[in-house]
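Chains here go by letter, A, B, C and D, matching the order in which they are written, and residues are numbered from 1 within each.
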Amino acid sequence: MFFASDNWAGAHPAIAESLVREASGYASAYGTSDLDRRIESEFNTIFEREVSVFFVGTGTAANSLALASVARAGGVTFCHFDAHVNADEGGAPEYLTHASRLYPVEGENGKLDPEALKTAVSRFDVPSVHQGRPMAITMTQATEAGTIYTLDEIAEIGIIAKSRRLPLHMDGARFANALVALDCTPAEMTWKRGVDILSFGATKNGCWCAEAIVFFNPEMAEEMPYIRKRSAQLFSKTRFVSAQLDAYLKDGLWLDLARHANQVADRLRAGLSASNRARLAWNTDSNEVFAVVGRDAAKAAEAQGAKFYEWLPPRENPHLVGENEVLIRLVTSFASTDEDVDRFLELL
Amino acid sequence: MFFASDNWAGAHPAIAESLVREASGYASAYGTSDLDRRIESEFNTIFEREVSVFFVGTGTAANSLALASVARAGGVTFCHFDAHVNADEGGAPEYLTHASRLYPVEGENGKLDPEALKTAVSRFDVPSVHQGRPMAITMTQATEAGTIYTLDEIAEIGIIAKSRRLPLHMDGARFANALVALDCTPAEMTWKRGVDILSFGATKNGCWCAEAIVFFNPEMAEEMPYIRKRSAQLFSKTRFVSAQLDAYLKDGLWLDLARHANQVADRLRAGLSASNRARLAWNTDSNEVFAVVGRDAAKAAEAQGAKFYEWLPPRENPHLVGENEVLIRLVTSFASTDEDVDRFLELL
Amino acid sequence: MFFASDNWAGAHPAIAESLVREASGYASAYGTSDLDRRIESEFNTIFEREVSVFFVGTGTAANSLALASVARAGGVTFCHFDAHVNADEGGAPEYLTHASRLYPVEGENGKLDPEALKTAVSRFDVPSVHQGRPMAITMTQATEAGTIYTLDEIAEIGIIAKSRRLPLHMDGARFANALVALDCTPAEMTWKRGVDILSFGATKNGCWCAEAIVFFNPEMAEEMPYIRKRSAQLFSKTRFVSAQLDAYLKDGLWLDLARHANQVADRLRAGLSASNRARLAWNTDSNEVFAVVGRDAAKAAEAQGAKFYEWLPPRENPHLVGENEVLIRLVTSFASTDEDVDRFLELL
Amino acid sequence: MFFASDNWAGAHPAIAESLVREASGYASAYGTSDLDRRIESEFNTIFEREVSVFFVGTGTAANSLALASVARAGGVTFCHFDAHVNADEGGAPEYLTHASRLYPVEGENGKLDPEALKTAVSRFDVPSVHQGRPMAITMTQATEAGTIYTLDEIAEIGIIAKSRRLPLHMDGARFANALVALDCTPAEMTWKRGVDILSFGATKNGCWCAEAIVFFNPEMAEEMPYIRKRSAQLFSKTRFVSAQLDAYLKDGLWLDLARHANQVADRLRAGLSASNRARLAWNTDSNEVFAVVGRDAAKAAEAQGAKFYEWLPPRENPHLVGENEVLIRLVTSFASTDEDVDRFLELL
């Protein structure tokens, strides 16, 4: 009953085995090996166009360096108030962009509200060195609230970005979970809807440590080799990332793992909806489930070994949680089982 | 005949297998799992005192964040001119210390010359905001030139550091190779000689990706959790580093691997010394060997598949290399074999 | 009728003359001259305790370096959403604190709401490297909205700061205007109410270029000499700042100038209140006046040479301004005259 | 006998008076006033082409922001070892370029040695993220050693820069002194010889506080407004800089002042050469004179009120100074007099 986070799971056996398989032999370092090249080109296939790919060590690094690639003096990036970059990355996005700023925008259920976004961007319409100037928009798919932007919603943000000539970044820490939920292609969920740069996360979905920054327009990536090195994110034995992604991407394993996590979450959602001891806090479509449960029930479940985090009520709905209730977040992963869910629901 | 770098090797089988072993099950993230704790405490044992340990993604990150922990406005760190921080880290040590400066000091064969170091530090004796102020000394063991500071030499640098109240950092990217060459304890090669902070490198010596910053005085590490996060170096599934180090440190595997690499290097050194087609450029004691060979011989060896890098002659001895000669660097690793060496020597 | 900003005025004659008077002769540079020392000690007198004073070039520099003096990894500074540091300094507070973050807090009429502030700070109660950690609170006196914190209100913020062990910074770009409005001593408006660091602005109130950072606890300023130099804010001929402040502080000139500006603003407030063509947007007590006027009237006044800025309605009161109306900001200064006001009112 | 530095002098009366003259009346702030515009266009005239000009507060700021305008990840700027940026700016050039690096190059008497410069640049010929990449060359005219690059020497550096597509920056803290010594036009000493960006210093030559960054190709300056604001170097009452420069540039005052300072230095040079108690350390052509004098004589002169700094012997000539001797630096300024010199020579 480990629902604390998808990063509490380890690695999928196929991925770990791939590391064993690639352990012997020599390969040139710093991203220049044949395997590295092959995996990079696999991204071209996945995204149906020539892309530029950069492996980095953490999701925070992926987001931060994606923004660093478009950073400029006085730059402001628009993000959702609860976006990971704004709420959970310890200031790395600012630090690794030499102090560009994040401008938090509201929106229900973790999604950027297009009108609020337009209003925020338009505050910078009159050029002013005092205010600074827009430099990027970043959105999270799936969001921190477990929700998923529809393709139309992505396109809407994409149009706002294009109309302002702002690059659009997508934090895809849970990219695969969103993808299988929308049942669309990676291309459809990204550049075909206006996304310019993607943080492609694989760690949460069954890898040990595999994050990539994907530029859909390779010209935008020209500075990246130096940016990555300067931020100490260039691994020497890059092969160990490529080996993970080799197994991850082979035969659609990544989609299977995400599908599994989402399905276990579906079971959880169904069970919570049916329960009279709990209710869904809001609808989610990914592997994250938010529920309001009695404080006692939550404690009891924890006492029995269930792992999850208590969560702050959303700013737009502070009265969501009753007096003796708590809001909890439950995250499933490739490793979660139906049994975990059933036992947890029983406990509640 | 892969002598280009020790980071061209993959991972030792025991280390890769450990990743498989730890792949299943759940563990709390961001360095808080039982395994993480156990490995951290193992460092206490290895260094015979309570230390504070921080895993990071790259050797560049280890060095940069070690310096970040002592960074201050106007700060200057003294290093050897050819030190990795100064020559090969793409500006990361400066960037991740928000622009502290490196002050290169000369010294033969990659070692800081104590007198030159004292002269350099003493240039800052009169406090001056214009000049800046000393903030650290960093030394590399084994050095980039393959040489090794004796314990007395480390102590000498340690005394200079102490006399100026400067923290002393050791870049231990090849820590194990130096350790077995000196046949001493980790404690003797570090804090007992005045070292305050160590970049403990394991990647080059048989891990996939395992670097740690070790503070011998845990009080000096108080800011580190925030510094590491801000620099995007906090892995979520830290377990994957701990799992590597678990196998690496078990039963002295790490020392065996380093010993092996050094012995293969010894064979290489002996063969080159005996050769009339090549000569050692200078004496080394670690797994790095520098040789002067005829340009034609080098090309021929490369044509036969030997991998190595041509190197720039040292600044203190620009005439080391004759007209039709080249200086080459040969690095052995845990994966190198005597056969590799013999074949290479034959080719020359 | 120049009401665009108090920085559209030049310098008071006494201040300009002081520059002539000090132009001849020699004085040691970089803040070490007798005059520099004398002015610094004058701050001790003004604030009734030993303080540490640092001259810098701009108000933005004063605020940014004040925060730099308390910056730390993952640091977050709480400020009002409309505070100058957040809205008008082009990212300098972040850049010069190597990417610490600002956390905007709401509050009516430009003042930090104590409850909102407590809520914001308490979001960081559980230590977390992901979220970052509080590092300072900054308040503006007088505020950007022309309002003034009462002594009790300052004390209330001061208590919140102390209870969290957070340094409290006051942006005093219009310090004198607030001081004379409250009719209290500099000490009462600052350290006696919990303020730790003050940006003491003199430029807007009749100097050419004279800004100072005042530390009420000199120990907190130990790093400042290096911080200031690193940010290129150490003037060589510091004398030119001291000479301005010499005249500024002599015989209470600074208070007279602020009193004058406030009185002219009073006249403006009275006139606008009495007018049936305009109304005060909200009450202010300093030299800034905000009025809602008909769009046509505003245009007409501008056509006749009146200078002022149109302003965005406050976020907490977006419907303040009717359809054919505009919100305008009118700022008086030491150089403003009653005639200016009367002519302007007439025009409306 | 104030020879400590040209920044110990105050301001020329004409410049101080200009501040009085411009003190009254209103002018739009932040560099947009008529006077600001007029002075900016005067730079076009002086340099015989359309230039882009940015006023900043200090020479350190001018140098740092000039480099910031061309900063990029992994960037390395080549400078003379003793250049002000490298030796005397407290790390500001690195800090305000978010940690680009300086690469010190040797050269006699403060001048970049072209061969050493080529060697240094060529170390980066093989593109490498590890090493970083060249981003600029900076030279100082007049140099810190009081010497002056001839026009041919500037051209030689300019050709190296162009051949590597590197922008060439000139630190002109003592620009006027060099100009009158060479008896050439500003254009000849800058862009006609390959200089792209100039730090135009006026403070040392009779202003209070007036430094400008001049871009000879305005396109290179597009980011500058944001860069300057972000670094807190945008004055509100810019008029106070323009007013100084108005008097400074009018009727060639700036050249007269520099000529005077140089002539007084000539008298000093002649006197020292003729003396049997002192000797010139090396030839200089600007307002800086370096002399070797007996330690006792130096002390005696100081006791009589002479002000100067003892200097470190140059690295290329450490034995310049005998046992009982000291190397001293003597700087003249617009305010120095022949009487000062004669009295000083007498004292020796």
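Keep this in mind: contacts are C-beta pairs under 8 Å (C-beta built on N, C-alpha and C of every residue); 3 or more make two chains touch, one makes a residue touch a chain.
Here the structure is a predicted model, which is why all the values come from computation and not from measurement.
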item: Chain of greatest Cα-centre distance to chain D; value: A
item: Between the pairs A-C and A-B, the one where more C-beta pairs touch; value: A-B
item: Chain centre separation in whole Å, for chain C relative to chain A (CA means); value: 41
item: Computed distance of Cα centres, chain C from chain B, in Å; value: 50
item: Chain A and chain B: spacing of chain centres that average the CA atoms, whole Å; value: 34
item: Chain C residues counted as touching two or more neighbouring chains; value: 30, 73-74, 89-91, 95, 98-99, 129-130, 132, 226, 229-230, 234
item: Residues of chain C touching chain A in the complex; value: 73-76, 87-91, 94-95, 97-102, 123, 129-132, 312
item: Residues on chain C engaged by chain B in the complex (per definition of touch); value: 30, 68, 72-74, 98-99, 129-130, 132-133, 223, 225-230, 234
item: Residues of chain D touching chain C in the complex; value: 2, 4-5, 7-13, 15-17, 19-20, 22-30, 56-61, 64-65, 89-92, 95-96, 203-204, 208-209, 226, 229-237, 239-240, 307, 335
